[in-house]
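Both complexes below contain chain A, partnered by chain B and then by chain C.
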Partner chain A sequence: MSQTKSHLILLFSAGVLLLVVLLLYLKTGYFNTTWEQIFQALTNPRDEVSSTVVWSFRLPRILMAFLAGAALSVAGMLMQNLFQNTLAGPDVLGITSGSSLLVALWMMTGITALGSITDLIFLGILGAMGMGAIMLLFALKLRSAVHLLLIGLMLSSFIGAIIAIIQASSATQDLQQYVFWNFGSLQRVTIQQIPWIAVITSLGVILSLFQVRVLNAMVLGEDIAKSLGVSIRKVRIMSILIAGILTGVITAFAGPIAFVGLAIPNVTKLLMKTQNHRVLLFSNILFGALFLGVCDFAIKLLESYVAIPLNALTALLGVPFVSWMILKNRHVTG
Partner chain B sequence: MLQARQLHIGYTESIASAESLTLNQGDLVALVGRNGSGKSTLLQTLRGSLPILSGSVRIDGKELSHWSPQSLATKIAWLNAHFVGVAQLQVLDYVLLGRTPYLGILGSARQADIQVAKQALKRVGAEHLSQKFTSSLSDGERQLVGLARALAQDTPYIFLDEPTAFLDFYHRKQLFTLLKELATSEQKGILLSTHDLDLVIAFELPLWLVPQNGIIRAHEPMQSREALEALLI
Partner chain C sequence: MKKNSIKFLFLIFLFLFLGCNTSKTKGADTTIGKSRYSQWLSYTKTELGIKLFIKDPDRKGATRIILCTTHPEQVRSMSTTMEVLDIKNMKLATNAATHVGMLVSLNARECIGAVSLGKYLHDPTLKKRFNKGQLLELGGTTIPFESLSKKHINVWVSAGMEPLDQTKEERFKALGIQWIPNYDWREEHPLGKAEWLLFFGAITNRFEEAELQFNAICKRYNKFNKLPKGNSCQKILVGNFAGDYWYSPLQNSFQARFFNQVDFCTFSMNYRGTGSMAVGAERIYQEAEACELWLNPGFPTKQAILNAFPKAIQLRPFTEGSIFCYSHNLNKFWEQSALMPDIVLRDLIRIKQGNSADVMLYFYREVK
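Let's look at the complex of A and B:
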C-alpha cells in the first residue's frame, strides 16, 4: 500500500471519529436529550431547553476542545521544527506561560484598553510571542535540548512567581476567575466567541500552509536548509509568530492547556511516518482536535463522580508520555 | 565559473587568505589542509554562509553577496559529513528536498520534481534505497543518497565537507570514482575537502592547498604523498 493511501485512510478515520465524538458529546449530559432534539436544535433552534443546552453549553465546549487541540498541536509542530527538538512544545518552552502572565494581569488588575474580547485575544497572543522570542534567543546560545528545557521550566516558574504576587494582592472574585481559567476551562467559552477563535486559528493554519516548503527543509538542520535557499531568519520569525497566534488565542480563552502541543506532534509523526509538513499539518489538526475532544468527553462522562480539570487530565496523560519520550531519546538529546 | 580574488576569510579576523582561486564546471578539486587550517571556513565563505572579510567571490561573474539565498541555492549544493539521517524521513522524500529552491509557494513537489529525484538516485546507484528511512541507512548509503540530494538540486557547483570521513576504504574509493564521473559527464564543478591524501594522489586531483601559514593556493595534481604533506606544514 502506498504511503499516500495509508495517510488518506488515517486522516479519513480521524475525521469520522471526530464527527462521532461531536455527536456523542452533544447527546451526553445531565439533561437528557433525544437524537431528534439534538437534530432539531442544530438545524432549527427553538426556544426550548434542549436548544439552549446544545447551543449554550455543549456545542461551544466541544468546538472549543476541537479548536484548542488543533491549534496547540500545530503550534507544537512548528516549535519542534524550529528548535529541532522533539521535546519542544508551547508549554514546555514557556510560551503558554507568557500568555498566562498577561491574561492574569488583565483579569486581576482590571486594566482594559480595547474592550474585553479584543483585549484578551491581543494579550494572549502578545504574551505567547514575547516568550517565544525570548526562548529563541536562548536557543541560539544553547545547543543542548536539556538546557533549553530547563530554561523553559525556569522561566515558567519565574512567571508563576510574578502571577502569585498578582494573585496575592487581588480581590477574591478576580482570583476565583483566574483560578478557574488556570484549570484549563473549555466551558467558559460562549458560542459567540467561537467564530473569533476559529478565524484566528484558521489564520495560523493558512500561514503554516505557506511555510510547508521551508518547514520540510528545516528537518535537515539549519545549515543544510540554508544551502537549500531557506532564509533562517524568516523561518524563525514566522514560526514564532504563528505559534504565538495559535497558542495565544487558545490560552486566552481556555487557559494554559499542558502537553497537547508536545505529545500530539510526536504521535502524529509516528503514525504518519513522514516528515512532509503538509501531511503533518493536516494530521496534527485532526489528531489534536480528536485527542482534546475525547479528553473533554471523558471529563464530561466522569463529571458526576469526580470533577477533573482539563489541565489535570492532559497532565495525567502527558507526563508518562513525555517521560517515555525522554527515555527513548536519551542517547540522542542532551 | 566560481572565482575568488584577494580573499580573506575568518569569523572576525582573517585566519587564511587566497590570492586567486578558480573552480570551473567539469573540475573536481580537492581542498586539503590540516585540522583547523581553515578548510571549512573557506567552504562556508564560498557558499555564502559566512561573510567575506575582504576581497571578492564571484559566481558566473556576479558577486556572491548579490545572490539571493534562493537563487544561490540553484548554483551551489552543499553536503556535510554529518548527516545522520532523520527519523520518519524516507530516502525519496529526502532527495526531493534538493528541489526546495524550485518549489512554488505551497511547497508541493510536481511530477517533474519527483522524476528529477528518482533520476538522481539512479545516477548514484541507490534507487533500491528510495523507500527506506534515512535513519536506517549505513554511512556509505547515507553519503550516496546525500549526493543524490545534491544532484537533485541541479546546481553547476557542489561542495562537500569531508564526505569520506566516516566511510571504509571501499566506499571512499567508490565515492571518489562517482564524483570524478559526475564532474566529467554532468559538467559539475565539485569542491571537496578531504584528508584522504592517498586517494587525492591516486585520482590525480587538482588541489587547493591550505597550509599552516594560511595562504591558500591552487596546485597541480601531486605524485607523492610525502611531497604533498610537506606543502601542508
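Let's look at the complex of A and C:
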C-alpha cells in the first residue's frame, strides 16, 4: 500500500471518528435525549429542553474542543518546525503564558478598549505573539534545544511571577474572575462565540497552508532552505504570527490548555511517518480535534463519578507520553 | 414491701443524683475542657488563667493544651504536656480575616502586629494603621521570620491549613514565637465557628468579655432560629462554576447548616460530607429549573457573573428569579460573618420572606 493511500485511510478514519465523537457527545449527558430529539434540536430548534441542552451546553462545548485541539496542534507543529525541536510547543515555550499575561492584565485591571470580546481576542493573540517573538530571539542566539526549553520554562515562571504580583494588588472580584479563567474550561464558550473562534482558527489554518512549501524546506535545515530560496526571516515571522493567532484565540476563550500542542504534533509524526507538512497540517487538525474531543467526552462520561479538570486529563495523558518520547527520542521522526 | 419500695426509691434517687452529677462535671472537666458548639476548641478556667484545648481535626487524639496566663513564671515547671502562653504583652500575627474580625470585636486591635494582606482589611481603624505602616503584611506563602522578629510578634495564629514542619517550628522557637493553630474554618456549626472568639479572648486577656459576647451571639442566633421561615424546603441554587464544574455545598458543610436552619434546600444537601459537590452544567441547568432563588454566586453583579460564566443566562433564577450574594463587600463578610452567624441567619430568613430590600440586609445584597 502506498504512503499516500495509508495517509488517506488514516485521515478518513480520523474524520469518521470525529463525526462519531460529535454524535455521541450530542447524545450523551445528564439529560436523556433521543436521536430524534437531537436531530430536531439541530435542524429545527424550539423552545424545548432538548434544544437548550444541545445548543447551549453540548454543541458549543464539543465544537470548542475540536477547534482548540486543532488550533493548538497546528500551533505546536509550527513551533516544532521553527525551532527544529520535537519538544517545542505553545505551552512549553511560554507562548500560552504570554497570552495568559495580557488576559490577566485585562481581567485584573479592568481596562477595556475595544469591547470585551474584541479585547479578549486581541490581547490573547498579542500576548502569544509577543512571547513567540521573544523566544525566537533566544532561538537565534542558542543552538541547544535543551537551553531553549529551559529559557521557555524560565520565561513561563517569570510571567507567572508577574501575574502573581498583579494578583496580589488586584481587587478580589477581578482576581476571582481570572482564577476561574485560569482553570481552563471548554464549558464557558457560548454558541455565539463559536463563529468568532472558528473564523480566526480557520484564518490561522489557511495561512499555514500557504506556508507548507517553506515548512517542508525548513525540515532540511535552514542552510538548505535558504539555498532553495526560502526567506528564513519571513518563515519565522509567519510561524510566530500564525502560532500566536491560534494559541491566543484558544487561550483567550478557554484558558490555558496544556500538552495538546506538544503531544499531538509528535503523535501525528509517528502515525503518518512523513515530513510533508501538507499531510501533517491536515493530520494535526484532525488528530488534535479528535484528541481533545475524546478527552472532553471522557470527562463528561465520568462526570457523575469523579470531577476531572480538562488540564488534569490532558496532563495525565500528555506527561507520560512526553516522558516516553524523551526517553525513546530515536523513535521520533525529525 | 414498704422496705423494698423505699430501697427502690433510694436507688432511683441515687441514679438521678449520679446522672446529674456526671453531666455537671463533664462541663467543668479540667482535663478536656468544655465547649458549647465547637468541635475543635474547648477551654477551662483555672486559677492561673484560661486553659485552651485545641484538637487537630486531621490527627485523631492530637490535642494542644495551652495555658494562657499573665504569670508564666509560676507555671512553667508544673507540666511538661501543657504549653504556657504569656499574654501580658500580646503581639500576634494572623493570616485569616476571621481572626481579625474577632480581635476587632474584642477591641484588641493593638494586639495585632501582622495581617495576611492589607487589601483584605475591612476595619477602618486597622486600615489606617496599615496605611501608616504600623502593621506588617505577611504576603504570600513564605513566612517573613525576620520581619516578625522586628515587629516583636510573640504569637503566630495560623489558620492551620498547612501543618507546622520541623524547620519552621525550630525557627519560630528560636525567635521566641509561639505557633498556635486556629481551626475555626473546620467547624460545621455556625456557633461552633463563633465560639473561637473565646480563643482570642483567652490569648488577649479578654476572656470574660469574649464569654459575654459569645453568649449574646448564641441568644440572638437561637432567637432568629425560632422565627417563622415560610414554606418548608424551598429549593435554591447555591454556588457557581469553577472551570468545568459547579460546586454546591454538601449536607454537613458550614454553608449548608445555615440553609438547613432557614429550610432552604439544594440538591447537594442530600449528600453527606463537609465540603462541596462538583457537578456538570446540564445537571445544574435541570436543578435550576425548580429554583427561583440563587445564593452565593460569588459575584456582585449579573454582568460579572456572565463574564465568568456566560451560560448563567440559561439558569432560571438568573432570568426569572432573584440572586443574592455577599460579594459586594467581601472583606466585611470574611471579617465579620464568622462572629455574626445570627446576622447571616437573619439575612437569609429575610431573603426567604421576601423582606430583602438592601436596608433590611447586613451582609447580603441582591445581585442586579
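Throughout what follows, the second predicted complex is superposed on the first by the 329 of 334 C-alpha atoms of A that agree within 3 Å, B and C clash if a C-alpha of one lies under 4 Å from a C-alpha of the other, contacts with A are read in each partner's own complex, and residues count from 1 in each chain.
Assume a residue touches a chain if its C-beta (ideal position, glycine included) is under 8 Å from a C-beta of that chain, and two chains touch if they have at least 3 such contacts.
Since the model is a prediction, treat every value here as computed from it, not as a measurement.
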Which superposed partner A:137 touches (first chain B, second chain C, both, neither): neither
First, second, both or neither for A:278, with chain B first and chain C second: first
Contacts of A:316 with chain B and chain C, given as first, second, both or neither: neither
First (chain B), second (chain C), both or neither touched by A:270: first
Partner chain in contact with A:213 - chain B first, chain C second, else both or neither: first
Which of chain B and chain C A:9 touches, first, second, both or neither: neither
Partner chain(s) touched by A:227 [first = chain B, second = chain C, both, neither]: first
Comparing the two partners chain B and chain C, which touches a greater set of residues in chain A: C
Chain A residues within the chain B interface of the complex: 3, 209-210, 212-214, 216-217, 219-220, 223-224, 226-231, 269-270, 272-278
Touch list for chain A against partner chain C, complex: 29-31, 52-53, 56-58, 116, 164, 168-169, 172-173, 176-177, 179-181, 183-190, 193, 299-300, 303, 307, 309-310
Complex interface listing, chain C residues touching chain A: 117, 119-120, 139-140, 241-245, 278-283, 285-286, 298-300, 304, 307-311, 314, 327, 330-331
Footprint of chain A on chain B - complex, ascending: 47, 49, 69-74, 76-78, 80, 83, 86-90, 93-94, 97-98, 100-101, 103-108, 133, 153
